[in-house]
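Alright, structures below, take your time with them.
You will see subunit A twice below: alongside subunit B first, and alongside subunit C after that.
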Partner chain A sequence: MSEITSRPIWGKLDPADQASAHLVCAEGHGIEAVVAAFAGRDGLLSRATVVHVAPVGAARPAGLGGAAYHRHPSRATALTAFRAHLARAKMGTQVHLAGSEAFLDEASAVAVACGIVGDGLTTELSGPATRRVQCVHCKGMMDEVAVTPFACSHCGINLTVRDHYSRRLGAFMGVCADAEAPGVLPAASRF
Partner chain B sequence: MSLAFDLSRTPSFFRDETFRGDFTFENSPESIRRFPFPFDRDQYMYAVNIEQHMPGPPKSATAFPIDIDEHYVAEMADRAKVLAEDPLRCQSLPHMITAEWDLLELLMTSMARDYPQWFSLHRDGDRWHWVNRPLGIDQRFTFGDAATLPYGPMEYVTRQCQGDFCLLDQRDDNLWLDAGIVTSQADWSLDFDLGMNFIEWHGPVPRAHDMGIFERALKFLLNLQIGRPIRRLNWTMTINPRLDTSPENYHRWGIDRTTVTPENVGDKVHLRVELQALWRLPRSNAIVFSIRCYLIKMRELVTVPKWGRRFHRVLRDLPADLADYKGLTNYRATTLEWLAPYDDGAPTSPGFFPD
Partner chain C sequence: MSATRYTVRVTEAEAVTPHVRRLRLEPADGAALPPASAGAHTVVTLEANGRTLRNSYSLTAPSLAGGAYEIAVLRSPTSRGGSRFVHERLREGDTLSVSAPVNLFPLHRLARHHVLVAGGIGITPIAAMAEELSRLGASYELHYAVRSEAAGAFCRDLEARHASRMRLYSSERQERLRVREIVPHQPLGSHLYVCGPQRMIDAVFADARAAGWPEANLHAERFEAPAGGDPFAVRLARSGKSTTVGEHESLLEAIERIGVEAPYLCRGGACGECICDVIEADGELDHRDHFLSPEERRAGDKIMICMSRLKGRELVLDL
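Right after this comes the complex of A and B.
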């Protein structure tokens, strides 16, 4: 993966003792990174809210101590809840995100839009290396893009993923792959 | 001024031409002479090429802070078409409204002062009266009250001023691209870059990050003072005189790059120069970044022998990564063959200007 200055670097979840509260949003197995980061820190968990994308009926994951735990069936429903928790968060709340790259792209854009910056946000990548991509031509947004080039699911144009990332949109730019040689596509590669 | 008939006082000074479809754009001989040729030597590499935006020689592209030329009316018509098709080309985050008014003031006062035959501005407190004769506009409005204009202040004034404009908010020791109108860009997207900082929006540029160019340029800009604007030149190449080479429309114009033949280089291949100027704004402390695009056909360029020689050498020796980034790779060889007869190997004089 190349070095792009516009792209956030996903790190490790790093809950700070001095934070007044912790707001966590995790997708699927991303919850395991959350459990690991908070292990042995029950004091922090008692001030934590966890929003988790997990199937209806799944059990509450072990290791979350006294945290308030909310399960949501899809990313969209979880992010709606996450946004609402963010809007009501008290000063000094630290935000933690864990999941696939496409999930981190979208969830961090929500956090950025709510003014969460710097040490106020920690992230950890887990799960498949997929990206969220916006087609620059029709502006359609696509989650979980694993391969480049690919056809835009909205307008059908063949896209390559340019090494340019917008934190506001939470997405990479997809640009026509064969404009200068219609129908001729570079070999597919996975992220 | 000579006693000869002054063309600039007649409506016919402005060319009736297009930047799409039949592409009838061309430069008059006077326009060629004043072209802001960007190479002061026979080779090119990125640098922190910033200088004070001081008045240049009379009639040159830098004679005035804002340059209005024979392409003005046609360029404004092209901008209106782009905006009609894609409103995302003009965007402004809510905190930028004061900077928008600052920009309107900067442009209207410069244009009225330097081109009184075309524009006038009368101010009575916050009651302003703006007249734009080439575009047939006569507008009274209240400065600071957006409801008295048909568009937001930035969009209103930049629909009447050549060049793309970005408004940069300064905070956290960085500049943030929080507003702009961008309809004649060299393959970058305002909609995508909106909200990014200086280092982020320059992400795709090769080499310059490692050369420390962006770090130094940013430091310089953060200290930009009111009343001391600066400028720099940037360049690329465009096939057909197309102003709107946006990524949004790349699937439409990219194919043009494959249409260059030895027969049509002179007409089809253009050097595209951006005269970029930056001003600190008084009320908002924001910075305006103007990107004024000048196009010149290869057959026009070689009418200045020094430019023909020099551009042949620059293009020949341009490193491959820069050529790829600028999108020249498909037609570089054909263009070089066409330019070669204009380069007799004679030495060129230092500096930008024709000999």
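Right after this comes the complex of A and C.
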């Protein structure tokens, strides 16, 4: 584990009893973490709104009690809906995010930009620890990066993925890996 | 950080109420002062009655260009000499030494809305925040509780500046600030800032927590001047010096008096910078800060020297 403090540490979903409402945004299997965190807490579910990235026609997941449930087939559409819910929500609402690293990166940037920080936001990673990376050279953004170094899919430069993380962008920093000796790359490693 | 000092001249000294004096401080030598964001304070060195006092005062206006600092000083009935000196002795044209500004009470820049709450002289950092938010075009509201309009500093100026964004509560007119009615309707992503007496801070936080506000969105400034107490001896193990901490003197002031540099930032028990290891204490540590946790207090091996004292004969510190 690196010493770089900007690297996000995803935790466990932890809905607070005293919150006046709960706003959840989950992607794919992330919904299982939501169901587990709210299990046996029907009172909290009755004042919860769940935005879920899941295919059209998928069944409503069991275990969400009286929560308002909204399904969207893509992350982009779900995040648009999440933003609209954030805009309407009042203080006292606690926000919960569950899904892949790239999803958490993007969704938490939306929440942070809205002033939601610390114990106002709980997160849980489900699935592989792939990263969302921005190439610092061409500013291209790439999801689901599993290996470092890798070639930027925009400009082709070989990038080392650093642990430096931008909360504003919700992305890790990708920096040219072979500037000194073009073509000489460190051994690849997976996240 | 404690070491950088700037010499400033008092260019305006005005009684804004019978008990509050506003000072405008400009660099004495023409060199620019460091810029200060809203919520920052400066530590002012006062030579009062042959004693050196260093008091923290919030800057009442942001000074992003670094041109001048403004502070407002309440005459304290329990003054150890600092506020009395500012009110009775200090004149326009006098020079003072001030520290670089430190901000332990910053605005959360990404907040969607800012709720500012001030009680009495607690208006000083809050006024700077309101001014900065107004200039930024940010969304904010200002709640200011005073004993009476005559006793509250800057009431008229603030009302003129912040108009419909401000509410003034005067206990003389039986108006009460009811935070319970304010907190539930704020948009998600709001941050609340309160500065005032400790019981006001506690009450405001209790109402916000009851409405489900997370801790991360609650901010308070809890500066207090060190209260005196019975004298006791202090020995500094590393520097090999000793002295007696006087009745009206803080431990930090006594240590500075004998020429030992101790770290500090707020001098009000809030920031934790002056934490010091206790080597020996032949009495009970009288913790008066807002930094140490109950467990740390019980452990008895750390002390915040800007506020806390010993109820006993001698304290030995790792300094």
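We adopt the following convention: the second predicted complex is superposed on the first by the 189 of 191 C-alpha atoms of A that agree within 3 Å, B and C clash if a C-alpha of one lies under 4 Å from a C-alpha of the other, contacts with A are read in each partner's own complex, and residues count from 1 in each chain.
Note that in this section contacts are C-beta pairs under 8 Å (C-beta built on N, C-alpha and C of every residue); 3 or more make two chains touch, one makes a residue touch a chain.
It should be emphasised that the depicted structure is a prediction, and the values quoted were computed from it without experimental measurement.
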| item | value |
| --- | --- |
| Clash or fit, subunit B versus subunit C on superposed subunit A | clash |
| Which superposed partner A:169 touches (first subunit B, second subunit C, both, neither) | first |
| Which of subunit B and subunit C A:16 touches, first, second, both or neither | second |
| Touched partner set for A:86, first subunit B, second subunit C, both or neither | second |
| Which superposed partner A:74 touches (first subunit B, second subunit C, both, neither) | neither |
| Partner chain(s) touched by A:114 [first = subunit B, second = subunit C, both, neither] | second |
| First, second, both or neither for A:94, with subunit B first and subunit C second | second |
| Subunit B versus subunit C as contact partner of A:189, first or second or both or neither | neither |
| Partner chain(s) touched by A:46 [first = subunit B, second = subunit C, both, neither] | neither |
| Single subunit B stretch clashing with subunit C - from 59-67, 149-157, 221-229 or 239-247 | 221-229 |
| Touching residues (chain side subunit A, partner subunit B) in the complex | 4-7, 134, 136-137, 139, 157, 162-169, 173, 175-176, 179-182 |
| Residue numbers on subunit A that touch subunit C, as the complex places them | 16, 18-21, 23, 86-87, 89-95, 112-120 |
| Of all residues in subunit B, those that touch subunit A in their complex | 88, 189, 191-196, 199-204, 209, 247-255, 257-258, 330 |
| In the complex, subunit C residues that touch subunit A | 108, 110-113, 183-191, 209-217 |
